[in-house]
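Dropping the structures in below, format is structure tokens.
Across the two complexes that follow, chain A remains constant while its partner is chain B and subsequently chain C.
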Partner chain A sequence: MNALTLWFHRMGSPPTFYAFAERWRPWFLWSGLLLAVFALTWGLFFTPADYLQGESYRILYIHVPSAWMGQFVFAVMAVSGFVALVWRIKLAEIVSLASAPIGATFTAVALATGSLWGRPTWGTYWVWDARLTSTLILLFLYFGVIGLSRAIEDRRKAARAAALLAIVGLVNIPIIQYSVYWWNTLHQPSSVKLLRGDTTIDPSMLWPLLLMAVATKLYYAYSLLSRAQVMVLEQESGKDWVRRLAGAPAND
Partner chain B sequence: MEPATFSMPHWPFVAASYVIFAALIVADLVTTATARRRVLRDLRGRLTRTARREAT
Partner chain C sequence: MSLLVAPTALLQHDLTLAWRRRAEAVNPLLFALMVTALFPLALGPEANQLARIAGGVAWVTVLLANLLSLDVLFRGDLEDGSLDQWLVSGQSLPLLAGARLLAHWLATGLPLTLAAPLLASMLGLPEDAALTLLAALALGTPVVSMVGGTCAALTAAMPRAGILLALLVLPLMVPVLVFGAGAVEATLTGLSPLPALLWLASGLALALPLTPLACAAAIRISAQ
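Here is the complex of A and B:
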């Protein structure tokens, strides 16, 4: 068994995961927040205005990383949901469920800021464009996963039902990505294509955007670990290690 | 010709976006920080009640 597989097996144990989260949570939080403050200050005050959009383009430093995160978190949710369904790993269920509110928040931010950008740029807050509509569907899918997980009393059954919805909903991610190519949309195609090397955004504007993308991922790691810790504590409340953590003597 | 809306002030829209983002991050931070404290407090309360019941 290689080191990575061994690490994943270890993380499957709730006390080990809890200790890992306790150790790394503050690092993810502070590095994410500091990087976000740095990137947003750079984007707001130290990059030039866009030649066509003027100052309104600065919304992209919030909008684009949030939109990326909305899709990324959904993919994490679906993959961990798949692992939970196939291998019945409790922690994968927790990761899947804990991701949903975070992903929903990022998607809501992407929709709200996109709307605020649309008003001065397109002249409207909203159009039923394929990219916007598929992103709205993503938000509804998140609501579905959250609602389903809370509607079923048995936690493990709830997690499995939510995982199934996340896996089915994954089909929406390529639709969001390619909507701007498949349909004639008002939303412009991607300006950042790092893998293909034909990014059309100026480097002076690109760097704060990329740093902000890293900052949102670090914040997601913090929020995921925090929420997962709460779920682990609730699920394992009868176990000795949780009793010890709460300050009570163990049963043995 | 550029759309008329291009000439409207952009900063209110930029400011509103950053405020929405900051507000949701703060809300998330508060939610996650209080949830863990609440769970541990409830757990301690339950354990104390059980210990009292067992003692009597």
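Here is the complex of A and C:
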């Protein structure tokens, strides 16, 4: 067994995972916060204003990373849900369940900042444009996953049901986005195409944006680990290692 | 073929039940008729405006009427233990699930497909657009039954899942709605509805093999 599979198997054990999360959680939080403060200061004060949109474009340093995270977290949720359904790994169930509220929040932030940005640039808070609509539908998909997992009492059953819905949603997201684009488009196309090499955003604006994207991912890791820790404790309550952790004498 | 004996029997059983409960099976149609009648009352009887929105109204009405009938698709069988029998019978669960979804479409989707163009004509939809609507519904409603049925299997264990089921199903139905209503809109504006219809057909081709598998997985989760 190589080091990576060994690590993966060890993480399947709740006490090991709990200790791992406890060790790394503060690192993710502080590095994410510091990076976000640095990137936001750079983006808000030290980048030139946009020649067309003036200063209002600066909300993009919050808006774009949140929108990216909204989609990224859904993919994480569905992939870990797939792992949970196929290999019945408890930890994958927890990762999938714990991701849903975080991703929904990022999506909601992207929608809120987007509508604030729309007011000065488009003259209205909301338009029925393709990207806005498909982001709104993404939020509904998150609500569906959260609602389903809350409605089922048995934790593991809830996790598996939510995982299946997340997978169905992930298959559907490209179709929904395509259909909505086919329907109507007003939003500007994405300016950042790192893989295709024809990025149309100025490098001075791109760097703070990419740093913000890294910072949101670090925060996601922190938030995910914290939520997963609580879920592990709930699931394992009554076991000896949890009793010891809570300061109670062990049962043995 | 022995593989198909049990699914065929299930299909017969479901259709017989639907036929014996005819009064219940008519409910989605009545619902669709009533919702359609609400639009002129709410928006005013102006003929041009009504004709303009008729296709979209028909699609939304069909989606909602389907939603009403989906809620109970698996609940009875879960409560009386029939789903457990499906699981232990050794029969192919995806095929059984597929038979149930097909029965739902035959009992609900097909009547709605046939009725909706008439309802849209009540709102003044021109004849050629009504024919497009018929074709679009024929391609789209099976997808609604299949994807909706999968979500219904997930919520089967809950006593009242109405709103939650809507929350699960409706976002997934956006592509069907967009292309279905888009086909009617294209005909109204003198364009070819063929691209939208082909997209609906490819959605059907994608859903046919995948949703019975997803539905079987959902039944396994709910029945455990």
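Everything below uses one rule, namely that the second predicted complex is superposed on the first by the 240 of 252 C-alpha atoms of A that agree within 3 Å, B and C clash if a C-alpha of one lies under 4 Å from a C-alpha of the other, contacts with A are read in each partner's own complex, and residues count from 1 in each chain.
Operating definition for what follows: a residue touches a chain if its C-beta (ideal position, glycine included) is under 8 Å from a C-beta of that chain, and two chains touch if they have at least 3 such contacts.
These figures come from a predicted structure and were not determined experimentally.
Chemist: Taking the superposition as given, does A:Phe140 touch the first partner, chain B, the second, chain C, both, or neither?
Modeler: The answer is second: A:Phe140 touches chain C but not chain B.
Chemist: Answer with first, second, both or neither: which of chain B and chain C does A:Ala84 touch in the superposed model?
Modeler: The answer is neither, since A:Ala84 touches no partner chain.
Chemist: Does the superposition put A:Trp182 against chain B (first), chain C (second), both, or neither?
Modeler: second
Chemist: Report for A:Leu165: first if it touches chain B alone, second if chain C alone, otherwise both or neither.
Modeler: Touch status of A:Leu165: second partner only.
Chemist: May I ask you to decide whether A:Ile59 touches chain B, chain C, both, or neither, giving the answer as first, second, both or neither?
Modeler: In the superposition, A:Ile59 contacts chain B only.
Chemist: Tell me which touches more residues of chain A here: chain C or chain B.
Modeler: It is B that touches the greater number of chain A residues.
Chemist: One more residue to check, A:Ala104. First (chain B), second (chain C), both or neither?
Modeler: Neither: A:Ala104 stays clear of chain B and chain C.
Chemist: Using the touch definition from the top, say if A:Ala221 reaches chain B (first), chain C (second), both or neither.
Modeler: neither
Chemist: Does any part of chain A touch chain B in one structure and chain C in the other, and if so which residues?
Modeler: None.
Chemist: Where on chain B is chain A touching in the complex?
Modeler: Touching chain A: residues 2-6, 8, 10-11, 13-14, 16-18, 20-21, 24-25, 28, 32-33, 35-36, 39-40, 43-44, 46-48, 51 of chain B.
Chemist: Name, in rising order, each residue of chain A that touches chain C in their complex.
Modeler: Checking each residue of chain A against chain C gives 85, 137, 140-141, 143-144, 147-148, 151-152, 157, 160-161, 164-165, 167-169, 171-172, 175-176, 178-180, 182-183.
Chemist: In the complex formed with chain B, which residues of chain A make contact?
Modeler: 40, 44, 52-56, 58-59, 62-63, 66, 101-102, 105, 108-109, 112-113, 116-117, 119-123, 219, 223, 226-227, 229-230, 233-234, 237, 242-243, 245-248
Chemist: Using the touch definition from the top, list the residues of chain C that touch chain A in their complex.
Modeler: Per the stated touch rule, the residues are 147, 150-151, 154-155, 157-158, 161, 164, 167-168, 170-172, 174-175, 178-179, 182, 199, 203, 210, 214, 217-218, 221-222, 224.
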